[in-house]
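Below are the structure tokens for one structure; questions will follow.
Order as written gives the chain letters A, B and C; numbering starts at 1 within each chain.
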């Protein structure tokens, strides 16, 4: 019976559910491999498994990515000079993990904005492709769970991190993604996506690499701690109760106005119709015996 | 209208004669005592439910916590939910009970009331008109033109104190501009020559190397983060808000080849790092929705779009002027600084704004040359 | 069938005097000895109000205003309208330690540290949205049914002022919590003011007590919000209601319901119970909405900061349409002699709302000028029987609706996967073309419905019975409608004949339109108003048609079925409602 749940309000008493820990563990296992692969090209003595991973990644790359990005990830242009797929030299494993891990890549068809869809490559395959792309040139590696978790901080530090993260979020992110992280419109049909279900890892990678039309927030822009704080704020948004009831989409005054008309005025007019409607009539007259 | 004495219209020649009100039809509750009893119980039951909800409201008020120990229900604030549902129930059941009472049990004979014209009767009109004329006649206002002009003029002049009293609502734009406060007035901001461009929220200065191509920094003038020896901010409260409302900037870096600087602005960037006012020239919303590849900056309020690679010219939407650009340089410690204040007023247009002035001239430069 | 109406009226008034005063009577006598209210009350206690759902739309506005007063008083007990800076130390963790205005801090306190405070905040806001929405649908009902005609023009004017003041009241309230959204709204309002030629920047500096944002705007808006506008609203609502009582309510035409009488339920007890019960229902619905539906979660927006903004920055719905006009207006500015005139702001947000409001205000007067109709009207018109008027309002609604949609173009773009640019380009054309199309379609639609009414009157209604003739052809059986329904359909004035101008005053007491300075224009508008309308059939036409129908029926035989259907028709269509 977890319907009525006390002690959710104060952050210091927040406890993750058992599932969160498991997810984190899985993510950790998954990511540590990717991180290792991402860092591998820089290290002098490549182990055989890394080489294998890169080789496997290259095979997958040739099948899934090379059509637009070129056989060596150098990028391709169409005849009239448009970029079919940008060069992937130096984008790093983080970009691959984000693009492939959220299903944006490989794209079903060329377009201005890659929509999310169910992932086509599984985690191992993503890791392999990431390792291959990372081998093309140095770039941001897949972040590790420590980069975006508040573990190891005491209660007060956690709270401060969330508050600071909120301020950074409201300054740098809400303009496109809205105050609730629900997304917003961009020029010419583009859209900043809803962040409600994006994993912390992918949020971190998006800030780091600037996927699509999004600006990048490199470590010189937002420090790793600041990125961690933004993620902590977003996770807090998800965890905290909807104090005022159902959220109506969290899109602001437009959806609220719609509800005022359809729900409020609709219900009240229905009541008015009922109040003025004639009640059932009897064929009998008063005084007649029943 | 003198010719329309009888303002109630003569019934027009209707093709069908008025059959008159139909005979009253009785309700089951009028003719069947059992139905009447049932309805009475139903209405009383509704009032009873209303009472139950009122009690639930009190229970919810005292048993559900808010604040630090917020009780939740299905991921929502339990207190607001329960109080709203209970209050809604109390009122709705009460209201529905009264309506049911009226519909089922109160007498429901329609009755007829005759209308009267909105206008008064001719006698009343004549009497009033006479009294009015008599009163005006005795006042002599028709004859004594001097008094008429006098009272009119005095009445008009009486407005002057009322208007003048509102004068101290605020200073004029010129008074603010000449107040001596740093960056005050419509034409200036807190930016000065050599002031560092710092990250918003944290207030740390920025080196060109921190800014990668594709990055967007939301930045502020360093002055708003300055503190005295004891750590108290030098600018706070209203001054801080005013400074931020004009001084906020965005900093982006693009491939210098992509950038097409405006005339006279060739030296305003630092290796492709450009700085523009964050305040929209339409009605003043802060604007930082950037498209990394096209360098188009969109305003979320009314969708004005500016091309940052082309001197922030308007490419779409209701704005009419480009975003003002802040000329950048690097100080001796290697941090990004402003070469000067903006060369034009930031934010929305206003009547006194000279929008034809040359915005490429950095103030102070001409003097030293 | 009919009853003697005068008898009902007298029996109603005499019943009260005959009985000996009971306990209620004793109280009433005590009060009358001191206040002398009986003279005024004797008419009003049993005052008649006609019953129709559409007559209760204004009541929604009235009752939601009462809810606004009650919840608003509650909020003032905690809200602190000050822009003084404080460090937040309340229950909401994600903002603890942040510097903010006292106004915002007290809004958070109301939301998180006062039990029922968030409920009241949300109820107050929902009530405000419903208040203005119900005023608008009430206005539409009044206009579509012709209830704005003489003698009720002044009440129309008062209603328009109420709508304007209600909108201003809403905007000032939206600005008070000093969260990011309300601050962005005030900032935009500052830009609106600055766009005014000559006086703009002075007005801005006077209102804000210096440069934006200053520290005066919230206390000043608070005074306007809780004292000035509510006072004006109360006074105007009182005037609106007094005029309603004086004029007596309009009613739909029907058997026994004429221009000279009003048929309905007495104030005491039925109407008082229904109106009073509706108050609790409005209150209850708003309470449910306030408890279940999040409205303006200020804690998520954070305190106002002039350097922050959120996607989806919109005003509340009633300010949406001028915001839409702002969005689709092309960027036009005039730069002359060191001055800037920004048409892109001034036209859509200052001129356009003023123009629309003036049009709204003048509608009854323009109509009576065009028609020359100076008679009192107490019977409502069905929208179809005034096709041009109905079409005019639908055109205005279309304009409003398109502007409204333009004000939500970013939300429409993400929800429907469209481009804001394309929506904007479309709207720039649609706001001009749409109303014209809507006008034409509505007008012809109304006339078609009039034709259908004529058809029903002359040839009867469709029974759904398919007849087969001896020759093998099929036809549907038509039967005449009941007398009361036929009366209801014909109980309307014939429109004046505009094809042949007559001298001075015509048969219906209408002035000659050919006099006056703008006679040509007036004549053309009058033609537009009436020319294509279908007039109710005359007595002769009806008789001729019925004769023909009887003849027809004889021809096709089966009198038994006819009789059955006729009686069914009488039961099903009692008319009048």
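Simple rule for what comes next: contacts are C-beta pairs under 8 Å (C-beta built on N, C-alpha and C of every residue); 3 or more make two chains touch, one makes a residue touch a chain.
Predicted model, so just to flag it, every value in this text is computed and none were measured.
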Most central chain, judged by mean C-alpha position against the global CA mean: B
Comparison of A-B and B-C by number of C-beta pairs in contact, larger one: B-C
Between chain C and chain A, distance of the C-alpha-averaged centres to the nearest whole Å: 43
Distance from the mean Cα position of chain B to that of chain A, given in whole angstrom: 32
Inter-chain centre distance, chain B versus chain C - centres from mean C-alpha coordinates, in Å: 23
Touching two or more other chains - residue numbers and ranges from chain C: 91, 112, 118, 122, 274, 277-278, 281-282, 285, 289, 291-292, 305, 307-313, 409-410, 420-421
Junction residues of chain B, two or more chains touched: 66-68, 70, 77, 80-81, 84, 99, 108, 200, 218, 286-289, 300, 303, 316
Sequence positions of chain A contacting 2 or more other chains: 9-10, 167, 171, 175-176, 184, 186-187, 190, 192, 242-246, 275
Touching residues on chain B, where the partner in the complex is chain A: 25-28, 30-33, 65-78, 80-81, 84, 99, 103-104, 108, 199-202, 206-207, 209-212, 214-218, 252, 286-294, 296, 298, 300, 303, 305, 316
In the complex with chain B, residue positions of chain A that touch it: 3-10, 164, 167-168, 171-172, 175-176, 184, 186-187, 190, 192, 210, 212-218, 220-221, 226, 241-246, 274-275, 279-282, 284-286, 288, 290
Complex interface listing, chain C residues touching chain A: 51-57, 59-60, 91, 93-98, 111-112, 118, 122, 126, 129-130, 133-134, 137, 180-181, 274, 277-278, 281-282, 285-286, 289, 291-297, 299-302, 305, 307-317, 320, 408-411, 413-414, 417-422, 577
For the chain B and chain C complex, residues of the former touching the latter: 1, 3-4, 7-24, 61, 66-68, 70, 77, 79-85, 87-99, 101-102, 106-115, 117-119, 166, 169-173, 176, 184-186, 200, 218, 220, 236-238, 241-242, 244-245, 248, 278, 282-289, 300-304, 314, 316-321, 347-357
Residues of chain A touching chain C in the complex: 9-11, 159-160, 162-163, 166-167, 170-171, 174-180, 182-192, 233, 236-237, 240, 242-248, 251-261, 263-265, 267-269, 271-273, 275-278
